[in-house]
Structures are given as C-alpha cells and as structure tokens.
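Before anything else, here is the set of structures, which you'll find just below.
You will see chain A twice below: alongside chain B first, and alongside chain C after that.
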Partner chain A sequence: MKAALTRYSPLLLLAAVWEAAPRLGLIDKDTLPPLSAVLRAWMELLRDGDLAVNGLSSLQNLSAGLALGVVVGVTLGILMAWYRPIEILINPLIRVLYPLPRSALIPVTILWFGLGAASKIAAVFLGCLLPVVIGAFNGARGVEQVLIWSALAAGAKRHQVLWDVVLPAAMPEILAGIRNALALSFILLVAAELLISQRGMGYLISSFGEGGAYDAMFAGVLTVSAVGFFADRLYLLLMRRALRWRA
Partner chain B sequence: MAGVSAIGQALLRWASILGVLALWQGFAEAHVVSAFLLPAFSTVVVRLYHDVVSGDVILGIALTLYRAFAGFALAAVAGIAIGVMIARVPPMRWFFDPLVSIGLPMPKIAFLPVFILWFGVFDASKILMVAFSAVFPVVVSAWAAADGVEHVLLWSALSLGASRAQLLWEIALPSSLPQIFTGLQVAMPIALIVEIISEMAMGGEGLGGSIMTDMRFADSPGVFAGILAIAIVGAGLVRAMELIRRRLLVWHAEASAA
Partner chain C sequence: MTATGISFRGVSHTYRPPRGQPVLALQDVSLEVREREFLALLGPSGCGKSTLLYLLGGFLPVETGEITVAAKRVAGPGPDRGIVFQNFALYPWKTVRQNILYGLEKQRLPRAERERRAQELVELVHLRGFENSYPAQLSGGMKQRVAIARTLAVDPAILLMDEPFGALDAQTRALMHEELLAIIRRRPKTVVFVTHDVREAVYLADRVAVMSARPGRIKEIVDTSFAGERGAEIAGTHAFAEKVEHIWGLVRNEAILAQERREP
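Here is the complex of A and B:
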C-alpha cells in the first residue's frame, strides 16, 4: 500500500497542480478547469445518463469490431500458415497494406456505411485485422513440426491438429497480436467518433469541446484514457492467466 | 536454381496483388457496386495522376510529412532524453515512471480536442499532438536501452581513462542504439496515423485533410486517390526506416545476421 502510494505520488502531485493552477489564476479556467470542476462535471454526466449512453455505444462498437477482427484475423493467419497457396495469395497483400496508416480508411468506412455504428465497427475491424493476422501467422508458422507429426502419427485428423495443436501452440503470439489490435481499436474508434458521429465517447468529447463546456470535455477525455488504460491492464492480466499452462 | 525460384516468387507476389487490382477493376466495371462506393481502379489512378500533375498531392504530401516529421523529431529528442534520464537519475524515475506506465497504453488520441483548445487548429497543434502520441514508445525503449548498457563496457572504458562525456557518446549511446531505433520504428507509424487524424479533425490541407474534404463533397475517386497516395507514403517511410537502421547499425551483429 505504502509502496503503491510512493510509486504513484507524482500523480497526486500533478492532480494538486491541476487543482491549484487555475484556482490561483496561473492558468485561465477555460484553458484548464480545476480538477474538482472536472470531477463534478463527471458526476453530472454520470447522473444524467450521457456517460452511460455514449460509453455503452462506444464499448459495443469497439467490441464488435475487435471481435470481428480477431475471428477473421486468427482464421486467416492460421490458414496462411497451414496452406501454402493461401499464404502465397494473402501474404503479398498484407505486406502492401501493412504500412498504410489505418486512420486513412475512416473516410471510406463513412462513404460505405454512413454515419452510424456500422462505419465505426468497420473502422475498428480494419484497424485491428492485420496485427491479429500477422500474430496468428507467425505463431502458427513457428509451431514445432514434431508436435504436428506426433499428433498425426497418433491418428489425429488434420482439422483436429489445427484445433488442438496448432492453435494452442500459436496462442502466445496470437494474444500479443490482439493486444496491439486492442490499442489500435481504441485509436480508430475514438478518432472515427471525434470526426463524424452522432454517438459515442468521441462524439461526447468533441461536442463538449465545440460547445465550450470544457470541464465536461476534460471529464470525457479522462474517462476514455482511463478505460483504455484499464482495458490494456485487464487484457494483460487475462493473457498471463491464459498462458499459465505454458510456464 | 535459387535465382529462378526467386523470380518465380516475385512473380507470384505480384500476381496476387495484380489479381486483386483486376478484381477491383472488374467489379467496378460490371457495376456490382455503384461507382460511388467503389470507383474503378483506373479512375482512381487517373485521378491520382491529375492530382500529382496539378501539384495538389505533392503539396499535401509535403505538408503531411513536414508536420509528421516535426512531431516525430520532437518525440525522438524528448523521448530519448527522458528515457535516458529515467534510467540514470532516481528523482526522474520517481516522477516519470507512473506517468509513462499510464501514458503508454492510454489512447492519447482522446486528447485531440484538448490540443485544439490549447494550441488552436494550425501546424503547432498538430505537431504537438503527433509528438505527444509518439513519445511514449521512444521513452520506454530509451529507458530499457540505457538500463541495459553492459557495465563491463562502461568499466573497461573508465579504466582506460574515458571521460564522462566519452562514456555517454562512445559507449552508452552506440550500445543502446539498436533498441532506441526499435522504439523510433514503432513511433514513426504512430506519428503518421495521428498526423492524418489531426488533419482530418482540424483541416489545414495535407493528405488527411484533403481526403476528408473529398469525403464531404462525396467525391469518392478523390478519397480513394488520397488513400492510394497515403499508402505509397506510408510504405516509403517504413522502407526508409529499415534502410536507415541497416545503415546506422552496420557495425552491429544484427546487420551481419540479416
């Protein structure tokens, strides 16, 4: 407890400066509303349901896009490692598309799917697909041949080998790929919502910013940052859990 | 034999890309989807060509790269300085350790409206947003690199009479270079991604700004031509970083391993 307090004491220091600077007039209150005002605005958002409605919408779109990306990505990556023709077909496309800054695709998702949830899900999906494919491909390619041969020799069918040997053995790299995808999905979702949307945390933040409700805007920014941070920590925890059998 | 299979591989590689482009063209010409949703590849290329000749794309690339590089450079300098100081100076570690561990996984893009509020919607705001987003991986890699400098190297240099400055410039920095460069290679795509988002949100031309404008005017060939231009720039940057890495680390074991 004391160790954690010492470790995170700089944050308390920053919080104190954040509260004091605008109150003492060192910074204009519109530039940086005092922390207490931001927290009050947050409570207000919680009470009037803005946070629940927009937060839920963001989480839904994020999970849908990410889940789609994980399912398609893992399937594609493992098939690429398992069937040479698929690798020859897909790998060059991935190499060409990988360096494309994924945020450039947001306008296309809007052209294709409009302003609603579908375009956000598509943006998240496109953003997180490739890291998952590459993680699954590298993981499945690195599976020791001996494992596969023994399974085949023991009479396993090919799809059983894929499911029971290749997938678990590739799991560490798949999970690492998904962690990258998680970070990217937050970036793409929030960016897409900031740019054009009618709902979601990004929409909430940008509309408060445009309306001059800066304490509420900061409350939204802090919420998104905190959720992103804890999502990563939670994922890390689950990932270590899931990989415990390997140690 | 190896040469033949290399050529065969190259052909195969291009075959699938050409195949997709042909499919795209065929789809569009058969009007499977409307030309608005998917303009023909040839239309997009012609559009890109016109935009290049008129100078629009060149100007866009120049503006985007200028701001992305400026932000990236800020992130690199500040990130390496902070990372090395964290490793070396205990009070710096006390202060920055929690900030970095929270800042690294946090979706920094949510701060975009804050940057608009604080710095406006022009170049400075975009450059600082890029720097803020890209600095964390650099700090972490520089920190790890500076922490990992082998003490034997430092001791030998010291016993040979090296000064502290020499220790930094001739031992510590070169031996941490591979790891620091890895951080920079992570930071570069982030810089480009965030620069494009910032342009889309704040305007001010550039490749991101122009595809957003095209989208607002429902000019889908313009959007696709812009994405093509961004894809080319992105691929060029990734490639350039790889080449620079090989150049810089020519003396390092990893260069001969490749």
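Here is the complex of A and C:
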C-alpha cells in the first residue's frame, strides 16, 4: 500500500499541479483547463454515449489491425528463420522499411483504402507488422539446435517441429515484439483518426479541439492515454502468465 | 548383422564454418557396434566424437563413407535412435510430464497408453512428485533424468549419449552412472556414449573406442568388460585400474596434441 503510494505520488502531484495552475492563473484556462473541468467533461461524454460510440469504434479498428499484424507477422518471421530463400527475399525489405516513420504510411493507406475503417486498420496493421516480424524472426532463429534434433529423433516431421518447438521456443521474443506493436497501434490509430475520420477517439479529440471545447478535448486525450496504459499493464500480466515456465 | 548392429565404414566429415577454412573433423572412421553393447567413444575435445554421434543420429548428412543401422543406411533422424545431450535439451515450456509425453504423442499411441508409459518412466527415473514442475525448477541431475526418461519413452533400440553427465557435479555424476546402469539392466539397449572422461568410459562401457586428436580417427578399441556385474565394486579392482591406466596412456598424447593445436 505504502509502496504503491510512493510509486504513484508523482501522478498525484501532476494532478494537483494540473488543477491548481489554471485556477491560480499561472496558465490560461484555454491552454490547460483545470483537471476537475476535464473530468466533468469526461462524465458528460460518458453520459451522452460519445465515449462509448467512438471508443468502441477505435477499439475495433485497433484490435483488427493488431490481430492481423500478429498473425501475419509471426508467420512471416518464423518462415524467414526457417526457410533461407524467404529470408533472402524479405530481410532487405525489413531493413529498408524499419527506419521509416510509421505515421508516414497513414496518407498512403487512406489513398489505398479510403476514408473509412479499412484505412485505419491498414495503418495499424502495417505499423505493427515489423516489430512482430522481427521478434518472431529473432526468436525462431535463436532456437537451440538440440531442441530441434530432439524433436526429430522423437519422430516429429520437419513441419511439425515448426509448431511443436520453434513457435513455443520463440514465444518470449514474439510476445515482447507484440508488446511494442501494442504501443504502436495506439499511436497509429489515433494519428490516422486525427488526420481524417468520422468516428473514433482521434476524431473526438480533433473535433472538440477545432470547436474550442478544450475541456472535452483533454478528456479525450486523457482517456486514450489511460486505456493505453492499462492495456499495456494487462498485456504484461498475461505475458508473465504465459511465460511462467521461465524461472 | 543383428537387429540393432551399427556399422561405420570409411566415414569422413568436413566441418565448414560459415566463415573461415573448412576443417577435416573425422577421417576414415570404421567401427562396428554390436547389439546391446555399451560402447564409449573417448577422445580429447575437438576430436570429432560428438560429430560421429550426430552423423549416426542422422542430424548431419553423411558425405563420405557409410553408416548403417540394422543393415540399413542412415538417412536422417528416427525414433530407433534416441539421443541425450549434455545440456539436457528439455523443452523449457513443458512440464516434466509433458516433456516425457512428447515422443509418445509423435508415436500416435492411444492416450491411456501414453499416460501409463509416462508415469512408468517418471517412476523409473525417480521423479515422482515433480511431474508438473518445469525444467527451470529442477536441479541439473533431475533435468538429465527427465531427458533420459523422455528419450526412453519412445523405447529406442539404440541410445545415443553426448557427454550426458558432463554438466553435472561429481557426486551427481556418480549417482547418474548407477542409475544409467540400472536402467539399462531393466531395458537392455545398444548404447553409444560420448565422453572425454577415461574413468567414466571404463566404468560404464563394454568397449572403449579411443579417438585421436583432429582429424578424429579410431586409434584403438579397448575391451573393458569385467567378470561379474558392473557397479561400484568393479571400480575398486586392480583390473579396473589397469584398464584406466592403459587407456589414459593412449589418450594422454592426444590430449596434449589437441591442447597444443588450440594454442597457436
């Protein structure tokens, strides 16, 4: 209890400063509305159903893009580690694409998939793909030779080894890659929605911002960061559970 | 030729590192292993004794010469040849029970039969109560017992062991020697056992094939069978000491050679 209090005391301090600074006139109330006003706006958004509609839309697109990125990324990464020709084909592409700022892809996905959900899902998918591919590739490449040999000697076929040994052995690095992807997916989705959309948390934030409803805008920002934080905590919990076999 | 007789004929092997010069690891090795014989491959580190074992296991391709098991050419790994590695090679994400069950699942045995056999092996290697532990929670000796049980589960006619007790402390190793001998008495097998420990080789094996430093060749095959049952009593006899002395004499020069080669 006391440890938790110490740990989160900077957050409490931030909240106190956030409330006090605009009230004392240290910051203009339009630049930073007091925290209590933001929370009041948040309650209103909740009551109106704005939060539910846009939050759900964002969550759907984020999950779809992330799930697609995980499935394609893990498959690609493991096949790269297992079949040399695939590595030769794909690895240079990954090296070239890696330093590319991922949000630069958003206009491209809009051009290809239009203004609706498809372009948001595509942006999240493309952004999540690389960290997952790299995690799966490194994990699968690092599998000990003797583990593979043991499986072959037990009578496993080559393709079975992929499922029985390579995938589970690569799991720690795959899960670490997915954690990076999860953080990226929030950034990309909100960025795509801020740029152009008719729905979603990014849309909510930008429309309140343009309309001058700054307390509601901050409520949107606060929601996105809180959901992002808790999603990461939850993921970490599940990841530790899945890897409980590690000492 | 007997059912599990092993024969190496003119086997050479060149190791090609990703960078650097190819190295001749084995040169013209010919060797017969009889059915249900315990043969030790003994030599200094880097003499290619593990490579010879991996070739027999089918993990590396036989490029020069021929290896046959039961008169059939080795063309890849198979459940007739089970292997135990120095660093256990357990699946860390599987429990003790799941590790032992893996081979049985691959053999497509009925579920009840798999469970029965797994339990039997857990008892055989004295791991009752640890069925649901993960390898990371076990000591080195326990890990190697799991690895032996996992390999025995498939009931291979031939047991390949690659310095299986090399990573264990001296006391644990001595206990594992007893256990291995007891297991083989109950489930007779042809065993090819790689080691660089002379006493271990003489203690466990019926014959010891002494290998030369790189490129590995069979230098001499020494009969190490003793009257009576193998066990702690034999280790104290004069005959045992003589064999150890004789083989140590053969290995000594090779070990010195191998060491000189490593220090340029």
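The rule is short, and it goes like this: the second predicted complex is superposed on the first by the 247 of 247 C-alpha atoms of A that agree within 3 Å, B and C clash if a C-alpha of one lies under 4 Å from a C-alpha of the other, contacts with A are read in each partner's own complex, and residues count from 1 in each chain.
In this section, contacts are C-beta pairs under 8 Å (C-beta built on N, C-alpha and C of every residue); 3 or more make two chains touch, one makes a residue touch a chain.
Source: prediction; values computed, not measured.
Superposition of the two complexes onto chain A shows chain B and chain C fitting side by side, with no clash.
In the superposition on chain A, no contact is made by A:123 with either chain B or chain C. After superposition on chain A, the vertex angle at the CA centre of chain A, spanning the CA centres of chain B and chain C, is 90 degrees to the nearest 10. Comparing chain C and chain B on the residues of chain A they touch gives the larger count to B. By the document's definition of touching, neither partner reaches A:45: not chain B, not chain C. When both complexes are overlaid on chain A, the residue A:152 reaches chain C alone and has no touch with chain B. Once chain A of one complex is fitted onto chain A of the other, the partner contacts of A:170 are absent, as it touches neither chain B nor chain C.
Within the superposed three-chain model, A:112 lies in touch with chain B and out of touch with chain C [touch as defined at top]. Of the two partner chains placed around the shared chain by superposition, chain B is the only one that A:99 touches, whereas chain C remains out of contact.
Once the two complexes are overlaid on the shared chain, A:229 sits against chain B while remaining clear of chain C. Using the contact criterion defined above for the overlaid structures, shared-chain residue A:81 touches neither chain B nor chain C, since it reaches no partner. The gap separating chain B from chain C in the superposed three-chain model is 7 Å, by closest C-alpha atoms.
Comparing which residues of chain A touch chain B with which touch chain C, the overlap is empty. On chain A, the positions that touch chain C within their shared complex are 144, 146-147, 149-156, 160, 164-165, 168-169, 171, 244-247. Touching chain B in their complex are the following residues of chain A: 6-11, 14, 31, 88-93, 96-108, 110-112, 183, 186-187, 190-191, 194-195, 201-202, 205-206, 208-209, 214, 217-218, 220-221, 224-225, 228-229, 232-233. Interface residues of chain B facing chain A in the complex, by the touch rule stated above, are 12-14, 16-17, 19-20, 36-37, 94-99, 102, 105-114, 116-118, 189, 192-194, 196-197, 200-201, 207-208, 211-212, 214-215, 218, 220, 223-224, 226-227, 230-231, 234-235, 237-239. Of all the residues in chain C, the ones that touch chain A in their complex are 54, 57-59, 76-79, 81-83, 85, 87, 89, 91-94, 102-103, 106-107, 134-137, 150-151, 154, 156.
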